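Scroll down for the structure; my scribbles are underneath it.
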Amino acid sequence: MRKVLIIARTTFKENIRDKILYNLLFFTLAIIGVSVALGQVSIGHEQKIIIDMSLSAISLFGTLIAIFIGTGLVYKELDKRTIYNLISKPVRRSEFILGKYLGLMSTLLVNLALMSAGAYLALWLLGKSVQSEFLYVLAAVYAIFLQLMLVTAIALMFSTFSTPVLSAVFTFALWVIGHFSTEMKRLADILRSAVTGHICVALSYALPNFSNFTISGRENLLKSAAHFHAPQLTTLMLATAYGFLYSALLLTLAVFIFQKRDFK
Amino acid sequence: MTRLNARLLATGGVILSMLLIYGVQVEIDQRQAHPPGGDETLYVRDPELMRRLSLGYESLLADIYWLRAVQYYGRKPKKSETQSYAMLEPLLNLATTFDPEMTAVYRFGAMFLSESQPIGPGEPLKAIELLNKGIMNNPNVWRFYFDKGFVYLWHLKDHKAAGRAFLEGARLPAAPKWLESLAATSMGEAGELETARYLWTHEFEEAESESVRSNARNHLNSLQIDEDRWRLEFLVTKFQEKTGRVLTDLNQLVNAGCIRFIPTDPSGAPYEYDRDAKGVYPAKASKVTYFPLKAEARKVFQQKLESEWEAARTAPQ
Amino acid sequence: MNVVEITHLTKDYRTGFWFHKRRRALEDLSLTVQAGEIFGFLGPNGAGKTTTLKILMGLIRPTAGKARILGCPIDHVQMHQEIGFLPENPYFYEYLTGREYLIYTAELFGRGRAAAQSRAVELMEMVRLEESLKIPLRKFSKGMIQRIGIAQALINDPRIVFLDEPMSGLDPVGRREVRDIIMNLRARGVTVFFSSHILADVESLCDRVAILNRGRLLDIGRLTEILRMEVSALEVMAKDVQAVTLERLQQLGGQTHAIGDRLHITLPDDRSLLEVIMTVQEGGGKVISVNPVRESLEEFFLKRIDAQYVSSHQYAQAGSEISR
């Protein structure tokens, strides 16, 4: 475990010294800045607009960071042959995978914290005294973090056997499809043909379901945050369980693939 | 720990976590309360705005909205609730705005819209509106005129408007001959039953998909049942007038020599007499789908039966 | 005691779009390395040296055969605690400084933060990079990278060091330093297993060598036993040689050919060497170097290997590598 943390720390260093991170972080903060301007011209919904834009930007750019850095994590080590110096040390391949994953997750956590701070700053700039309801926004950020956990695990899994570009395409495709799992189940209701219907149901359970992290009860989590509605605790807990379990499964798969690899 | 044990443990762990994921998902699905009647939210209803958001994928969006419309129309309502079709028209409108040349959307859309509850929202005027949009975008498709006339005739009982629609369609170069005669039939004061039969027969023959064909077949069957029922009930009245007895069973008609046997509905089940409702109905066990006609249609038929009856009575034996 | 034991090691790489073709990189290699010796692993490029080292390091899995290091099978993670490895043309995290990288490596070997820090500085000094502690590795020259590579291979005070082409990319001074480091390690009782395609590197250092070609072991033993080491000719390199002088040199029995502004004079033996040097200097020229010409690895291969076995392309490749 200690070695996992050492690798994670170095990966974190790698990430924060990467330019792409700053580009994306800059974009997010710029959007949050723009939301302040937009909020001022809107009539009555300043808070909602700021929270909507900030959370959307945090979610979108967080996903981009997870995909772009995540798909390069393992590949870069293979491509630049830095993996030789690592695997020849007393380090298990599973420790390497886990370390890389934890490293990127800590980068993302710091990023989310910075971006949320930016959003709160925007609210503060508009002269909104920070109320306790503002904490509900953090619930949405937490749901975004869970989602990023899963995206990163997918990206990492693909990057153990594929190039960054292909991995990014696969991950992005799964991310998009993963938002339609519920629709897929509904489609199965309509497709009465047994075979295609069953395939749809099976796929909707097998593929990662990202709507678990965006919908709480009847409401979109981001929307309920913007309206300061308290999120349902049970949905958040279930989403947590889902995020951790599914990510763990993907990491196991990643380790399994990685164990078999030759580093030519 | 041996290597084999480790592998078994890992496989077990993976299977266990898959099961757990499935369990969590089922739990989440139960908690994600869907609004009654499925997803009733349509985020953007303004087709123009949506078109700008589509980034050039309008054609694909049209397909998606059309698929959504079909899904929406075809979904199974949960038991306790009545089927709502509030989103049907906006979905069809979006689809036809993205791709104005998808003829099936207008035709099926009009069919969906005009059917009355429970199999449709019963909004023939919106169907006409959709068909007019189709005619405007595709002026050479005679089928739209046929469909439009159909909706006027069948759902709105407007013979004149129906006739006009059929005539307009008949003028198109590709239109079939029978469209003109259909116009004539519906403009004239012919019996409703005959016009209907004519209409549904053509719908049946022109059908491009099995669902349309079976719908037409159901309607044709229903017309047959209507005619049979009215005929039988007419005989029942005459029987009671003549004998002064109250009919309890259709076999009495057979015994009295009015009919040679009890007729069967299109599924082959003999009709039954319901003493409480004082009417003839398809057998309860019959599997036939039956949409009864409105009472006005019966009046014309009644007159026809009366005159037939008179003719039979006065004719030399 | 055998610190490395390789038995019947074979490796096939799967190639082609469907991974259906097989290319044999290593065939039935067996050898042992004894504690405390410097073992040279010699062969042209593509001979299977790197493949062997990668299998030993657990980077690739052998198709058949077994290997043990310090008595442990090669997939034994804890065994790696005792060994050091320098890959061929090493790369390191470019975003780290040399010091950070060494600390990271030391920590992977289980050292605490403080111990790792002092060990990192110690090694930076040993490879003469104490000036570059805070420079990111992306700004390092090839020679500096090679030194960091050696430093990270030694960070855990290993009992055996595996060095894949440790001299490549180094200038003469650098080669000399690496040679000293290797000698030093031997003096401390560390076993050194290193690969090279350059004969000169190997002959001055190794106790024993193994010669590999096309995945097969050709010979193993002391280098002098394997190669005929006598001087077969002398080569004098000179510049600014006048045309008149050229004739005299040829009369003295030298074969001359010019490369750039330099003249290579090949003499069959050292009898006329002094006269040749004086003739060059009298004619206003300068003698740059005098080198004994010995049987090269290339010649060894030419003699040793059936001509059908190696394509002419490979001779050319091996030749250019060796003369570099």
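A few comments on the model shown:
Letters A, B and C name the chains as they come in the text, with residue numbers starting at 1 for each one.
Definition applied: a residue touches a chain if its C-beta (ideal position, glycine included) is under 8 Å from a C-beta of that chain, and two chains touch if they have at least 3 such contacts.
Values in this document were obtained by computation on a predicted structure and should not be read as measured data.
Under the stated contact rule, the graph of chain-to-chain touches is a line, running from one end chain to the other without closing.
Each of A-C and A-B has its own count of C-beta contacts, and the greater count is at A-C. The chain closest to the protein's centre is A, with centres computed as averages of CA atoms.
Note: centroid distance chain B to chain C, computed from Cα atoms, is 85 Å.
With centres defined as mean CA coordinates, chain B is found 47 Å away from chain A.
On chain A, the positions that touch chain C within their shared complex are 2-3, 6-7, 10, 13-14, 17-18, 80-92, 260, 262-264. Interface residues of chain C, counted against chain A in their complex, comprise 13, 54, 57-61, 77-81, 83, 85, 87, 89-96, 100, 104-105, 107-110, 149, 152. Interface of chain A with chain B (complex): residues 182, 185-187, 189-190, 205, 209, 211-212, 215, 217-218, 232, 234-235, 238-239, 241-242, 245-246, 248-249, 252.
Interface residues of chain B, counted against chain A in their complex, comprise 10, 13-14, 17-18, 20-22, 24-25, 27-29, 31-33, 35, 38-39, 70-71, 74-76.
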